[in-house]
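So, here's a batch of structures to check.
Heads up, the next two complexes both have chain A, just with different partners, chain B and then chain C.
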Partner chain A sequence: MIAATAAVAFVALSSAAVALFPRSILVFLLFQGSLLYAYVARIPGWLRATLLGAAVLVLMPAIGTYNGYYLEVATQVGAYSWAIFGSPHANVLFGGTGFPLPSWWFYPFLLIGLTVAAGTGVVLGLPVLRLRGDYLAIVTLGFGEVIRVLANNLDKPINVTNGPRGISPISRPPLPLEVSYAVGFYFLALLIVVVVILVNRRLEDSHIGRAWEAIREDQLAAQAMGVPLVRAKLLAFASGASFAGVMGVVFSAKQVFINPESFTFLESIGVLAMVILGGMGSIPGAIVGATVVTVLNLQVLKGLSLWLNELKNAGVTIFGYNLANLPTQLEPAKYERMIFGLILVLMMIFRPQGIFPARRRQRELGEQ
Partner chain B sequence: MDFELLVRIFPQVLLDGLLLGFMYALIALGYTMVYGVLEFINFAHSEIFIVGAFVGVELLLGLKSRGVLDTAPWPLVLLGVMLAGMLASGALAVTIERVAYRPLRAAPRLIPLISAIGMSFFLQDVIRLTESLWRNAFNLVYPTLEPLNERFELTSTLDVSAKSLVVIVAALLMLWGLHALVNRTKIGTAIRAVAEDQAAASLMGIDVNRIISLTFLIGGAMGGAAGVLFGVQYGLINPYTGFIPGLKAFTAAVLGGIGNIPGAMLGGIVLGLLEAFAASYMSLLTGGAFGAEYKDIFAFSVLILILIFRPKGLLGEVVRERA
Partner chain C sequence: MSAMFEAVDVTKTFGGLTALQRVTFALDGGIASIIGPNGAGKTTLFNVFTGLYRPDTGAVTFRGRPLVGLRPDEITALGVCRTFQNIRLFANMTAAENILVGMHSRIRLGLRDVLTRGRRFVDAEGALWQRAGVLLERVGLRGKGNEIARNLAYGEQRRLELARALASEPALLLLDEPTAGMTQAEAGTLMALLRRLVGELGLAIILIEHNMRVVMEVSDRVTVLDHGEKIAEGPPREVQADARVIEAYLGRRAATGRAVP
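What follows is the complex of A and B.
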């Protein structure tokens, strides 16, 4: 009962705070925190559903109508949430919505993107079935480079990707609701994320999910118990890639422009950092991780840049050093690698199971 | 298809390939030595390599601004710069091992790998930050050592620059030195013992932690030397330059059989040659449809093929699987 009251109060307070201080990052993080609290607290299921539902369906878009930034964050979080799978296939997801098809084709293309990506996953998976662990990681990295080089150069002999110039403009999907585009996209991303989460949760305890888990723990034992190794592994490649493919289509429609540089290794590592931060295999973890990393990148680094620039222009002096003399090449906004790297190293050393560990990982990594 | 042209450029391509191959071999040693003792891919090795290149360029630029670069004897300058690069890279490698890998030695395999990837990214931006603060630029050009630009005409279709010769000779010397160190000295025996069986080695009175640090030091130093040579040979470096050569060198290490030192050398040379020939001949052989830009794809396809058909590499032993 106390927990329930606390959860309601927490969500209500933080929502009010967000309404009052729409531009503060701290308040926004507080709001996210309250949602998480509602998610993990020991409260009745219906209350949890109502609280989260109200926050996600009503509050966020309502706030969003007068402050676009939250939707930016929320949509990015949505776009990145496929990372729940931790699939390394971010580079594979050329959802090619580039042709001048009527814009409603976007929806069928979600399916096409899914199928094509799943197919790509299988094609990539076939040759590396025999590899495990670090070899597999390096080979997928190699594949990422291969795809990028291909995308960069497939403007001849037949122009498929338009090379480094990229494809633009990509038509945006028509939305059924009479709302602003940002709000509409938010709901679209939300819908897809919900579907992805539902599918994932069902997969986890399904026949296939258990087979995957068995293979992960001990390949030989799994095979002895009758798990079809090849089929299960290919299925894992296909399903991981298909989620990425769907998000690739959404991503390209949101950005209106893609080129090979949109899918660099950096993006994959950013996603990896989100997953690791939140906790591998944990759905709330992935959402928290995505939020924190996105806010760090979009807000903190950029804010630092702006602030430094202002100080520079004002010619402030610190300890006898005039900030106007700072090198012009010093742009904090460009140092996202440092953040990703720090997150990865620190998390591995101090909390490899992540902030919100999945139960299984906790058992594996938590008790050392 | 112009057959005569194919034949005419052959020696030049061979030379370029060897040059690239020695470079890969030097970097690959760092991967393979660490893998030999820890069964772990030191992903940050590409940054250890590029740090060597940056230390080199800073020293050379420093000498240049004092006006002594052109008056000092170039072998001495090059030797000093290489030693400094090796020292810096070696020290960095040891530090990374101490900070980011040693606490994770008992953890599941994926954990140190992720830590290494994080370290790699972190270091890239640390280099960028340092250079931005210090020099207000992070794309740096190696100052030229004039005598190294001289070209010798061997035949009418083949000429070689002094630079390339120096790089090849230096690389060969280092590969030979490492081979001697590992196979003929007590330290080398200790390294091989630790690679074979850590527990047994420590029972024989070998300080395993010290040997692991030493392995990182040697591998890092080789990478640093390769960094300086890379800068001297190709000129332009930035903090992100190391990634692709690093990935290629890892490919070379796998190609030769990871954990196997002669294998890394052989793998590097084979990969360098393959790449040089792919870059020069692909366009000629396909009538211009696929050009030199596909050479990276070629290199990674080799990696994948090797892993499928001969996972232990050209010279390697069977890789044991650790659950």
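What follows is the complex of A and C.
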């Protein structure tokens, strides 16, 4: 009962605070913390569903119209959450979609994007079937680079991707209600995230998911127990890539402009960081990881370097040293990446299983 | 020439080492044991039987179907399943989930069933979990279904491996040293269970075993391998008395009856 009251109060207070101080990063972090608390607290299921539902369906868009910046963040979190289940290089394929067609084609293209990306996953998966673990990761990241370079050069002989100049403008989908694009994309991303989570949970809780886990645990034993390795692995590649493909369509429509620079190596690493930070093999972990990384990169670290820059510009003196004399090599803006890296290293030392490690589900068995 | 399981002239070399030299083996039912000193090629033979290795020459057939060239999962689907000498459970999955993976080749659900989660899926999945419970009970792991495999005791892990192999509904079961690390009493219980499986389910079992008391007690027939060659085969009593077998295990002097200094 105490936990329930605390959760309600926490969410209510922090959302009020966000309404009062729309520009404060700390308050926004507090709000996100309250959602996390509502998720983990020992409260009845219906209360949790109501609180979180209210937060994502009502509070976030409301805050969003109040201050467009937050919605930007939320949509990006949504856009990133899915990517975790796949590889971002599938996005690249979506450079050419949708732009000469009428804008409602966007919706069928979600499906086409899914199919084409799944096919790409299979094609890329075939040559790497023999690899496992780190080697597999290295090769898939390499493929990401190959595709980016390909997109960069595919403006001749036939102009498919328009090379480094990118594609613009990409038409935006018609929205069913009279809402702003920011709100519309937020709900679209939310809807897709929900579908992706649902699909993942169903896969996880079936013979397919168990076969995947068994392959991760001991590939040889899995095959000896009757799991067809090639088929199971290709299905994993295909489903991962298809999620990325769907989101790639949304991404391109939202950005209106894409070029190969939208899909750099750093993006792939960023997605990997989300998964590892959140906890591998765990769906809530992936979402939390995506939130943490996105908020860190877009708000906390940016804010920090802005603040340091202000100190420098104001010529504040610390320990008798005037910050205005800082050499350009030590620009505060350069600390951003360093601190992010430091956080990752500390996480790996103190909590290598991630924020929300995967938990095993307990089941009732037919043993009486 | 129509035994249920048959291997003819199986040879397997690794570089210059001949691990198996024209081994012939047939089984129609019951429990057959394969014994031999370390490095005799027993596990290699299992690996050839289950498709992990491809023999250089020779044929392996099960119910008239050639197994050489098939993938391990295809062989499992045909009804030949195994356990491993060094336990290879899916360590971070629960005991019940381990068993469910064993059922993989018998599951007739498609991707569409999984994603729509219709009645067909729910019923089938429910039956699988039900059966996992029955199998756990059968090997004496009742109530351990939700335990993570890695946390089980050594003997329990061995029995879980057996249950996982049984889950694939095999007609022929290959057990690689199932009693290793067990006490004599535990080994006795396990052998009683194997006997029951043969009696009730009509299972055929090939056993690699070092525990001679177990071998002599439970086997209908014993095959002895040494340096990759079959040196003896027959009922336990006969094999026990075979001079070549004693030589392989204890050396020439013991075999010729001279006193060992």
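Everything below uses one rule, namely that the second predicted complex is superposed on the first by the 303 of 368 C-alpha atoms of A that agree within 3 Å, B and C clash if a C-alpha of one lies under 4 Å from a C-alpha of the other, contacts with A are read in each partner's own complex, and residues count from 1 in each chain.
Everything that follows uses one rule, which is that contacts are C-beta pairs under 8 Å (C-beta built on N, C-alpha and C of every residue); 3 or more make two chains touch, one makes a residue touch a chain.
Predicted, not measured: the structure shown is a model, and the values here were computed from it.
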| query | Is A:Val128 touching the first partner chain B, the second partner chain C, both, or neither of them? | reply | first
| Can A:Asp218 be said to touch chain B (first), chain C (second), both, or neither? | both
| Once the shared chain is lined up, is A:Leu229 touching chain B (first), chain C (second), both, or neither of them? | second
| query | Between chain B (first) and chain C (second), which does A:Arg202 come into contact with in this model arrangement: first, second, both, or neither? | reply | second
| request: Of the two partners chain B and chain C, indicate the one touching more residues belonging to chain A. | output: B
| said: Per the contact definition in the header, classify A:Val345: touching chain B only (first), chain C only (second), both, or neither. | reply: first
| query | Of the two partner chains, chain B (first) and chain C (second), which one does A:Ile269 touch, if any: first, second, both, or neither? | reply | first
| request: Tell me which partner A:Val149 touches in the superposition: chain B (first), chain C (second), both or neither. | output: first
| task | Once the structures are superposed on A, label A:Leu13 by its partner contacts, choosing first (chain B), second (chain C), both or neither. | result | neither
| query | Do chain B and chain C land on any of the same chain A residues, and which? | reply | 218, 364-365
| request: Give every residue of chain B touching chain A within the complex, in rising order. | output: 40-41, 100, 103-104, 106-115, 117-126, 128-129, 132-133, 135-138, 243-244, 247, 250-251, 254, 289, 291, 293-294, 296-297, 300-301, 303-304, 307-308, 311, 321, 323
| message | Quick check on the complex: what are the chain C residues that touch chain A? | response | 50, 52, 71-74, 76-77, 81-82, 84, 88-94, 96-97, 100-107, 109, 111, 114-115, 117, 121, 125, 128-134, 136-137, 142-143, 145-146, 148, 164-165, 167-168
| said: Using the touch definition from the top, list the residues of chain A that touch chain C in their complex. | reply: 199, 202-203, 206-208, 210-211, 213-214, 217-218, 220-229, 235, 360, 362-367
| message | Considering only the defined contacts, which chain A positions touch chain B in the complex? | response | 127-128, 130-135, 137-139, 141-143, 145-146, 149-150, 152-153, 156-157, 218, 265, 269, 272-273, 276, 327-330, 334-338, 340-345, 348-349, 352, 364-365, 368
